[in-house]
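The letters A, B, C, D and E name the chains in turn, as written, and every chain counts its residues from 1.
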Amino acid sequence: GPAAEAPEAEEPVGVDPTEICENDDFGCAVIAPGQTIKIGMGSPMTGGNAAFGIDAEQAGMIAVADAGEHEGFQFELIAEDDGGTPEGGAAVANKFAADPTVVGVAGHLFSGATFAAMPIYEELGIPMLSPSATNPDLTRQGSRVFNRVPFTDEAQGQAAAEYMFNDLGFRKVAFLHDGQDYGKGLAEIAAATFESLGGEVVELMGITPGEADYSPVLSTIAAQSPDALYFGGYTQEGVVLTNNMPTSGMEYVVFFGCDGTFGVDYLARTGANGEGTYHATPRTPPETPEKDGFDAAYQERWGQAPGELSPFSWNSYDTTTMLIKMVKEVSFVGTDGSLYIPRGALVDAVRNLTSYVGISGTYTCFPDGDCNIEGPTFWIVENGDFVAVN
Amino acid sequence: MLNVTDLNVYYGAIHALKGISFNLQEGEIVTLIGANGAGKSTLLNTISGILHAKVGTVEYLGEIISDEPAQAIVQKGIVHVPEGRKIFAKMTVLENLEMGAYTVNDRQLIQDKMEAMFERFPVLRDRKRQLGGTLSGGEQQMLAMARGLMPNPKLLLLDEPSMGLAPVLVEQIFDIIQDINHHGTSVLLVEQNAHMALSIADRAYVLETGKIVLEGHANEVMNNPMVISAYLGG
Amino acid sequence: MDANQSSPPKLTRRNYSKIIRPIFGILVLGYILWRLYLVLIVEQAYSAEVWVRLLISGLIIGGVYALIAIGYTLVYGILFMINFAHGEVMMIGTFAGYFLFEITKGINVAGAGNPPLSFSDAYPFLSVILAFLVGMTVSATAGYFLEKIAYRPLRGAPRLIPLISAIGASFFLQNAAQLLFSPQVRDYANPQAIARGSGWNLMINESRIVITYTGVLTFVLSILLMIGLYVMVQKTKLGKAMRAVASDKKTAALMGIDVDAIISRTFIISGALAGAAGVMWGLHNGLVHFYVGFLPGIKAFTAAVLGGIGNIPGAMLGGMFLGLVESLGPTALGISFQLKDVIAFLIMIVILVFRPSGLLGEVLSEEKV
Amino acid sequence: MNKETIRTGSQKGLLFGIVMIFLVLINFHIMAATMISKVLGTNVLRGAFPEVRFMIIFLVIFGMWAGWSAVRREGSTTNKLFEGLIGGMTTGLVVALFGLILFFLLETQTDVRRYLTALSFASIDIFLLGLRGMGILTLFGLFTLTGVLGGALAVGLRSQAVANFIKKIKTSIRNLRQRITDSLPDNVKKYGKYIFYLLLLVLLLLLPARWGSYNNFVFGMVGIYVILGIGLNIMLGLSGQFMIGIAALFAMGAYSVALLNSPFPHGLMWGFWPSLAVGVVMAVIGGLLLGLPIMRLRGDYLGIVTLGFGEIIRILLNSDLLTDLTGGPRGIQNIQQPTFLGMPFNDVSYAYLIIIAMAVSIFLYYRIENSRTGRAWLSIKEDALVSQATGVDVQKYKLLALCVGAAFAGLAGGIFAARNQFTGPNDHTLMVSINVLSVVIVGGINSIPGIILGSFALRGLPELLRELETYRLLVFGALLVFMMIVRPEGLWPASRPDLEEKGNTGLKEDLDPEENEGRSDD
Amino acid sequence: MTEIIIEAVKVSKYFGGLKAVNEVDLQIPKGSIYSIIGPNGAGKTTLFNCISGFYIPETGDILYYGTPIQGMPTNFIASQGISRTYQNVRLFGNLTAMENVLIGLHNKLRSNWLDAIMHSPRFTRENSWSMEEAVSLLDFVGLKGYGDFLASNLPYGMQRRLEIARALANKPRLLLLDEPTAGMNIQETTDLTHFIQRLRDELEISIILIEHDMKVVMGISDRITVLDYGTKIAEGSPDEIQSNPRVIEAYLGPGGAALAEKYRSQRRKNNA
């Protein structure tokens, strides 16, 4: 947009903001000297899903630290607890909406909260970039502000089914999901694709998330002797399933996970049980120097490895960084020394993002707000490490 | 033996005892009579440590016990058989008796004592495995007395032991009280049945709305015109 | 005499529950029987080994539920309060055991094996015992302080008040654990000898059934603890004093029982049981995190009520029952595992509708007036 | 100085020392220093560390508190100072020992964050006041000193002079109030209550338009919980039925509005108002279906069954079984906004809607409570057996309570769903039921002002506590325990109405039952 | 003679193996004061519970105006005009005295929750009527001015009277009183005795009374039944009962005055 060129005008006096801001659909966010440019984040930081939120915040903090100063202004990440619930999502969104210095939101993490939050940001022109909300309907709302980087279920589920049927030659597969929107959508699409390819779906079932023992469900599925068990869900349940398989009559069945089960935590906690299991990630191989840098910084600052709390550490870093980058692009210093961020321009800038290389993948946002529709990379665990197979 | 001075007890804002002083000598039966709500039960509860006085002291064998908790006072030999029997409903008769002897650690002693109680209250022997809650009122009262006697008290506080009992049983209960007293236990007896209470007591106090209004030897009290009209139905 | 007075009483009077109860019962039971008939007789979809596996995992999880449920029941029996923070006490025990294994894993025993074995691998038996001791002690301490801080000041308040205090305490403990140890999920470092998933093999229909060491340990230990506790409550002086306090605190004090001390001890015992359950949980399932107590807590509470709250054998029965229904139910009825809690709760409701005070609870059909 | 002095002092000191260790282990010292720094006007960025001087202020406050609380009520002034000293010193000792460990970790660069996440080197460094080894000694000295100070403060503030002063202030305030009431004209006094209500009304009309969407949102949340609380109170407070599954009835209202007034799944688009009515009816039906089989249950058995019911409904809403109808875990999006006279709703109109719904609920509640029905409920709660023998059809009235309560829950649910334009299973978890239960009990059972206060405390407080970031629920939990201990009867306990005056018309001198027979039975 | 208001025909009630009430026959004439006495555990309260519908007797019929009512719900029996009090006072403790009486009036009112919401004419009429009625009932039992006290805060004697007021609110034709004088002193007992007589004389209520105080029983009963171990061992007028040797042996004993004399002489002996 026109505003994108503004920072290049490096006069010390600054740009007269009146015209740009008046022409912007949502007007400008004004950051007075001494204030910070706030990036919001809404995620569950208490309760059963707290790990996701804490992880996202920690990754986001690294992103903010990496962003450095911009025109003498600092970025600040305001992570608020939305409990992952719609109610909490709306509360957090309203909180952000009340703060004129919040310019973008790297979230929310959970789809329900995102749904409830979206209309509020929509009104004020605060762009959203979610690291993890996968509900397909989110990008079907015609929203101008909502964008996300995770796979859509279609992209991953179809590819996984094809890979299992064509490349691995599985003919009987059981599909499990954790009953939450991410895993369920994924497993359902994978199962539908697998069936349309001619495979046999021996089971498509939800399990109760958060349990410590899934051997009953596995024993029951084992009776139908599938070739593989496809699971849509997160590491927490993925680990328990993997560890239960050998004692449930499924010692010869392949566990096929998704991007939700990819991560060091899975390796550490499944050990030998995890050998030969499959997982997925976005297209770009994750072993880049930037990623290594992030991993080191995360470990250094938080004493934990990224991916230990949730699979979304990298996505969260990327979304925060992308928002910061866009803010840097569209903002300009006004004549009064304040930083001006035309909100409409920022919204458009995020939506128009192309070929952004992050540490978790390469992203191009499409008009509906999906920024990652490339197919996945599949990984097999061999000798305690992930090895790319396609 | 027991010396109560200037006892003031409150329930929240209600001033239930307003400066009670009285004493009880070793070996005596002293009875407290008074209308409903006069504060008789409150007084017994304060002595046994369930309630604590705001002002005033309770002295027992030369030792001030008014700040001690109930369980410590039992150890000292004061046993309180509360109003309304208060049997442990879901425990058997036997277990109820064992609880009575909670402060006694000698198993043999407990055994002997229990045998003695069965001698005194043969009904209880028949029902020793029955749950306390299913006993009839009279049986429960017997059990409550027996339970109170288990630790061999020096001072027994009895709160309306004849309430709701058949006349024959009332007689038995009073017999037992006398008998206990003959065996060396002092008794502080609260009774509605003033006639009977005064007839077995050595001394008596009359309580009205938290104050002692009359005291003296049982015979004197019994012949007091005020007592006759209010409590003896003369 | 006016007409109204001498008119005979009208005798038609409906009693809703008398009509609804059988209908409800027939509907639910009929559905269950029909499903059972379909799965077990018509389809015969599963062979013996599946049932054995389900039975085993049901028994193990049932044992853990039962142990936690007893903690609920003990406290309930005495204070008539639902100790909502009990699950968190278990969580604390799980963490305590976790740290013990981390330490024993970290100590190398000189001269034992090459490369040197860690303490926990060299002396698995000892370190498991240590873990239980530590877990139980820590949880017992937590139970003790929980009572002292959050419940004792509320002695004598209406029953729902301590419940809210307990909910507050539960929030506090959960979040404290999250802030201390991060929300990360960790696993017990079991000694090699009883690694999770290893066990005796049993062949049925040519398929291998693993009877895990940890599972056997969990089951046997929980049964032993339960029996021990039951005997203690029925036979020892402490147990009887606990029952006396349960039935009437004032009178108990009049017997010379130190009521506060007994209540404290009750919390200590219930905490220790929760701690044991926590260590079992860690050993058998691995999972350790701040939220680990929440679900088992709710389940155990359900089990305690199902068995007849306040009743120790009832809690055991309720826990086992719930474990078995959760594990066998969905398969036996041919229903998705997602709905296993629906099955469990439905069966519980049916049972309570017909036995309003739980499986072994006191029958209150005719209350004394 | 005697044994007692040393004992109390060291006990309190130990306690405070342990609390301090706990606070450091969860990094709360950083949070506290940050808060202090914000209060004093220096902003601290999220994730950054505050300056050490604010840390010192925090420690000083904490140390003085320790000293203060170590001081007993009895004893001489010197004794009290000693108690403060010993309290502070013990705290200092405990903290210093802990500091030594921290120092060791720092020196050897041992990273223990795998086990104790909060113990980063930066955090340790700040706790040691940036002085490393010397920090330990400084801490000890600081606590010793502040302990005495706290003791001195306790001596001073608890002294007779201060007590007299406070008393004097209290009396003068009372006098002032008296004088103001006296000086008011009579009709103001007479209508004082109404004036208060009028002011409240004006406030309620003005505020939502003024204070921005966030406050409107929070206020609306509080209002929705007030309605839910009233519904639960009818079941729990009036008729004594222990209900922990109100979330299910809430969900019935919410999902009815969602299904009938959104494009998914059937595109019914009935409009908000008819859907809301259906939502209320559905909730009532839900209450009836729940109530019928379980009429015989009492106390906690009822509690667990209703909890089970709540969970069953939630699981079903979330399950594959009902996905086509309820959207499963995805919930229902795009719930249409209501319109009023053709104008679509915004946050202000929702605030008004909720105020009106709240007012109606409160009105209905009062009307029902002070009636034959309300008294029948109360008697059931007190003693169902005797109530029935006194002539109350217990089962009928229990069912009625469930249904009426459910209607309120349904109303709340409908408004809730429309306002968020979305509803999903996560909105109807066990936590919702527990929160409503807490609202009623924390506020004061059977007390409407109590329920309103309780909603503010339970729904508003966590929003206020957002400043505390991740410590939010920790502090909230502690406050919940604290509130119950301080006010076990609730924030605003209910009292029974005075009725004798009303019946004392003086018309009747003696009892004559026959006379009224005809009037009563019609 | 007069009409029979309630009749028990061979009523038995068992608890497990215990025959708490064993084939008891009873006929209460309308307008009489009828006492049931017997040793503790004889089954008196249990019999009351059978009449008022708490227990369903294992065998036998309870006929109210000739119609069997056993097995009916208690609220239905209450609505037919049978009220009772309880051996251990059972008031609605956290409600005021007024409210307790108002709940007693429940059956006499018809307005429902809709009336209450709309304040329909029926509600307003009934409301003011019931308030007046409650006040006059409190007055009748001597609790004037205590209407706004919580029932649990009243002294025991007043609680007993409040319980009677609540029972009277139902306008009973038959009133069952279970040990109404227990825990009262002689003065209070005398007052209550008069009060019971007034109930019968002024309100024409038939009364069944369980009582251990022989002064009361012998003073006001028209007829007396004696139960022992669940069976009826005697029935008759007070004079007949007082001289019945079986009753003396099982229940009465030597009599209060004689007993007191016994103790006094004992003590004199001891003191001597």
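Just so we're on the same page, a contact is a pair of C-beta atoms (placed from the backbone, for glycine too) under 8 Å apart; a residue touches a chain by one contact, two chains touch by 3 or more.
Here the structure is a predicted model, which is why all the values come from computation and not from measurement.
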Set of chains whose contacts include both chain C and chain A: D
Quick check on the contact graph: shortest path length from chain A to chain E, in steps? 2
By the contact definition above, name the pair with the higher C-beta contact count: B-C or C-D. C-D
Of the other chains, whose C-alpha centre is the longest way from the centre of chain C? E
Chain centres from averaged Cα atoms put chain A and chain B apart, in whole Å, by 75
Averaged-CA centre spacing for the pair chain D and chain B, given as whole angstrom: 47
Between chain A and chain D, centroid-to-centroid distance (C-alpha), Å: 34
Where in chain D do residues touch at least two different other chains? 117, 315, 318-320, 385-386, 470, 473, 517, 521
Name the residues of chain A that each touch 2 or more other chains. 46-47, 54, 179, 205-206, 208, 304
Sites on chain B at which at least two other chains make contact: none
Show me the residue ranges of chain C that touch chain D in the complex, using the header's touch definition. 2, 4, 15-17, 20-21, 24, 76, 82, 99, 102, 149-150, 153-154, 157-158, 160-165, 167-176, 178-182, 184, 298, 301-302, 305-306, 309, 336, 338-339, 341-342, 345-346, 348-349, 352-353, 356-358, 367, 369
Which residues, counting only chain A, touch chain D once they are in their complex? 36, 45-47, 54, 61, 64-65, 74, 76-81, 84-87, 90-91, 94-95, 97-98, 110-112, 115-116, 119-120, 135, 137, 141, 179-181, 184-185, 204-206, 208, 301-304
Touching chain E in the complex, chain B uses residues 33-37, 84, 134-139, 141, 160, 163-171, 174, 178, 192-196, 199-200, 229-233
Give the list of chain A residues in touch with chain C in this complex. 46-48, 50-51, 54, 179, 205-208, 210-213, 215-217, 219-220, 222-223, 235-236, 239-240, 243, 246-249, 251, 265, 269, 273, 304, 308-309
Touching residues on chain C, where the partner in the complex is chain A: 45-47, 49-50, 53-54, 57-58, 60-61, 175, 178, 182-185, 187, 196-197, 199, 207-210, 212, 281, 284-287, 289-292, 294-295, 326-328, 330-331, 336-338, 340-341
